[in-house]
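What follows is a set of notes on a single structure, which appears directly below.
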Amino acid sequence: MRLVLFSSYVPFVNGGGRFIVEWLEEKLRERGHQVERVYLPFSDDPKELLWQMTAFRLVKIDSADRVICFRPPSHLLQHPNKVLWFIHHLRGFYDLWNTDGAPPHTRYYKALRRAIFQADRVALNEARAVFANSRVVQKRLKKFNDVDSSVLYPPLLDPTAYCNRGYSDEVVYISRLGRYKRQHLLVEAMAQVKTAVRARICGAVPGAVYTKELLRLASKLGVADRVSIENRWISEEEKRDVIGRSLAMAYFPLDEDSYGYPTLEAAHSRKPLITTTDAGGVLEFVTHECNGLVCDPDPKAVAEALDRFYSDRELVKTLGSNAAQTVEKLHINWDNVIDSLLA
Amino acid sequence: MKIAWFTPYQQGSAIAKFSSLVVPALAARGHSITLFSSDRQPPIEHRRLPEGIELLHWSLFETAPEVADAYDLVVYNIGDHPEYHFGVLKLIDRYTGVCIFHDFYLVDLFRGWCATEIEKPLAHSIVASIYGEEIAKELWARELQPDFQEWAASHVPMTEWVARKALAAVAHAPFYKQRLADSTAGPVTVIPLASNAPRNIARIRGQNGPVRILSVGVVNPNKRVEAVINAVAGSPALRNRCEYNIVGSIELSYRAKLQSLIADLGLQDAVHVHGEVSDFELHWRFAEADVLTCLRWPALEGASGSCIEAMSYGKAVIVIDTGFYSSIPSDCVLKINLAREAQELAQHLERLVVDVNEREVLGKRALDWARREYAPETYAQRIEPLLEAAAEGKPSADALKQIGLTLRAMGVRYDDPFVSRVGSEFRTLFCGDWR
Amino acid sequence: MRGGAEELASNLCARLNSTPGVIAEVLRVPFSWEPFERLADEIFLNRTLRLSNVDKAIGLKFPAYLIPHENKVLWVLHQFRQAYDLRDRGESNIPQTPAGEKICELIRRADAEVFSASHRIFAQSVVTRERMKRYNGVEAPVLMQPMNYPELFTNCGDSGYLFAGGRINPGKRQHLLVEAMAEIKSGAKLIVAGPPDTPEDANRLQEMVGRLKLEDRVVLDLGYHPLAKIADYVNHARACACLPVDEDAIAYVTMEAASASKPVITLTDSGGILQLVIDGETGCVASPDPKSIAEAIDLLCSDPARSAHMGRAARRLWDSFEVTWPKTIEKLLS
């Protein structure tokens, strides 16, 4: 099939939204499909939304038998065979409308919001099929747009490259550094552990503010010798190695809207996850004491989980093994993805 | 909603009076409204402000643009007088808003604007873009001819010039609704003009006094006072029993003309030209009148404030069956046909002069109708859904304007099918069903 | 859809990313020009896209180069020729009707605006420059696109054959070269090496060689070859041939030949190549018919000294253009 993967982007901003497209592109080519990837720039300045959306609406991709659209407003594309793999809405107007980051709730913005909802409804209903990358997103599509979608979990590009290289004493948190990722919770927990468990926090973030905060926190709590904190880009190879040799993975972003690639990286490496009750989409993967530990989002509870893993390696092995099986159970693989998208 | 209400607010402006009635009624419905005087210069003498309402000047939007951001909606009152509505024209391209069209004939407004603000070629192309090249040429050719107003009202009223810039529009009578609807991208509603009906009308009429005929409003040939004078002159019954009072500002030359006509017809005792009078005297004149003549040809206003006022005083009113007047129920006023003006005018006057009962019945019906239709509260209630719809449509209107600017910069003509195609894509996407 | 512009975009991007202090990405915009009314949509849509987080934008092709940015440099291979010279030649999808004329006017206007709004404008070839001057009244200096691995191409001696590299399709006209081989008087040999666009393109050449019984003097090495292998062919040739129809830029094939100090055979209607191939000095410019091409082949392949002399002249001329990536990037970023 001649396929086009269509998404919006901000130049030079990389993230999950790009990986899902580019990895799918590679996997489709492996299976012999002709694929092209089209990214068009999009700025989410509220004053410029409606006419930018109009521009996307006028795009014509006539060389493709089917187009798969990802990040909004690419879903507005008009095409007879449009499939949506929905990752998130224009969140400031949807699930984040009642938070600090949202536009002001004036008449104008409320009316703008309704116009956006109207457009989304039109675009979503035109699609041949709508997939969501998580149940969180699936629920939002239903709640805000009254649209039914199927959950289609995004796999890692190369799951087999991840493997278990033994269990050390170190719990790792490998993810972009950020307040909403809450690496600080791990640092705080480390101040309350009773065992000799160690922690490693590694990830890249533009700007050093949060990193400085973490370092200061570690120093203040006297855990700097047991928690390594690195703000740097980590290569795929190194990442696999670090996770492969870890005891477990800590991953507790606040109310994330999908399980996140770190969850899969841990699972493929047969490492259980320590997460929290408020981690959002992560809980679609992690079940307490089945394939990981789900604690209350406070340092004491996390410390207990850390200690428990340190002391009970059998538990770690079992949960880690179950985590790998969860991937199977949830059909997180490229065959499923491609079969679904091309059905 | 927070509303910026643009209106003339000089003492003599009828629209100012209208605003002073409607704005408090709207405020009573829960809206927060600030008055902005659209008079070119801030009025030295302005109408008294309603309780709790602030008056600012339109120029503030220019000097302090952040002021505009504070409002959910802008409302512009549109009339034909260039000095009264100068501020609107200065701001409307940058700040779109709901336009209340008190007049549908905006030629004087346009010409006043052209005199100081835009060059002739642009003025010509504006007219041509609405009415075509031929009409545009004729406009400047016919400017000084006596029948200009009549010709312009039917061929080039310039309503569309402002309507095109409006977020939504209000007409005060059905007859020009379509013209507005054809040019305005947003919703258009017809709302009868608000006026205040005096609560208790004293009967000043004496038993054996003359039957008083009154006409009110700026006195010019459009108001057909000469037809009334001639009708009185031509009927012995009217000559002997009537007093005709002509109230309203009048130009010296026209006053002289009327005085001369009155003298020629020997009507000095019966017909009096008063010129402009105070509010108090106006009220007294209305109260003492038996018959009101509200004749206009052609009808240039959206609705007639003085006719509504006359009806609000419970008077028998004679009108020409055109424009706004056609929309009044036929049992509330006496409508005459222009083609038979002299004849029908004389007939109605003669009858009304004699038949007190008919005058009272007509007046009562007029009063009941006016009280319901023209109460400011009714106006506020009727305009509110339009204001809500306009506020709802503002983000789309802003986006469409941006798109329009891009299309214009591309060199696409306004009548190119591509324009309507983009507009249609936009509306299908954002506005549900395209109206 | 990979074409010359796509390759240039990738190459430029790679070079920019290796420049200290610069990161670059390629933005490819889908372009659909049928039916011709669609062109208005394309202009509108590109003008309406917003670029954020970008310090500088380099516009290569219509309509993508219309995307607004306050710091934009144009490096134009060609405008949308269907609105300009191709239309004059009757080879456009835009009809000679009032509607068609309106669309052309929109394109001209969009081009005029982007040309004046851009910080700098470069044309990728003399042909492009002439066209932009003629149709849009714009003076743009020529900035040619450089080769990627100039160091691979160097004169390694003369093994006596004529080499024709590059993609194989009707537009590149290798078939004319093969036909000409049937008419040569010298003992010249031809090697054609490169990827055919379609199987038909390969068959056409193979069938021709068979039909004209040229097996003894024509070698077809069709398919993708690593650059090192192509370089090998070029570096040991006596002369090279590159004879596309109406191409704006100087083809890589010709740059490679000149870098290796080989004279080039081209045709009068080949386009931008003529900037580098000067008849009698750096190569031969023949008429697009087999007989004339055969004469050129004989001329260049029968006299090794003359070929070497012309090859050195080709190299000198090419060097004088100073078409290198560092220089090019310097100009683009200035």
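Chains: A, B and C, in written order; residue numbering restarts at 1 for each.
The criterion applied here is as follows: a residue touches a chain if its C-beta (ideal position, glycine included) is under 8 Å from a C-beta of that chain, and two chains touch if they have at least 3 such contacts.
Note that this is a predicted model, so its numbers are computed, not measured.
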Q) By C-alpha centroids, what is the most central chain here? A) A
Q) If you take the mean of the Cα atoms for each chain, which one ends up farthest from chain A? A) B
**Q.** Comparison of A-B and B-C (more C-beta pairs in contact)
**A.** A-B
Q: Please compute the C-alpha centroid of chain A, do the same for chain C, then give the distance between them in whole Å.
A: 44
Q | Centroid spacing, where centroids are CA-atom means, of chain B and chain C in whole angstrom | A | 69
(Q) Counting only Cα atoms for the centres, state how far chain A is from chain B in Å. (A) 61
Q: At least two other chains touched by the same residue of chain B: list those residues.
A: 403, 406, 422
Q: At least two other chains touched by the same residue of chain C: list those residues.
A: 41, 44, 48
Q.
Quick check on chain A: which residues sit in contact with 2+ other chains?
A. 51, 54, 58
**Q.** chain C partner contacts - residues on chain B that touch it in the complex
**A.** 403, 406-407, 409-412, 416, 418, 422
Q) Considering the complex alone, what residue numbers of chain B touch chain A? A) 1-2, 72-73, 391-396, 398-399, 402-403, 406, 422, 425-426, 428-432
**Q.** Residues on chain C engaged by chain A in the complex (per definition of touch)
**A.** 1, 23, 25, 27-30, 32, 38, 41, 44-45, 48-54, 67
Q.
Touching residues of chain A toward chain B in the complex: what are they?
A. 47, 49-51, 53-54, 57-58, 76, 106-108, 111-112, 114-115, 118-119, 122-123
Q.
Per the contact definition, I'd like the list of chain A residues that touch chain C in the complex.
A. 4, 10-13, 36, 38-43, 45, 48, 51-52, 54-55, 58-63
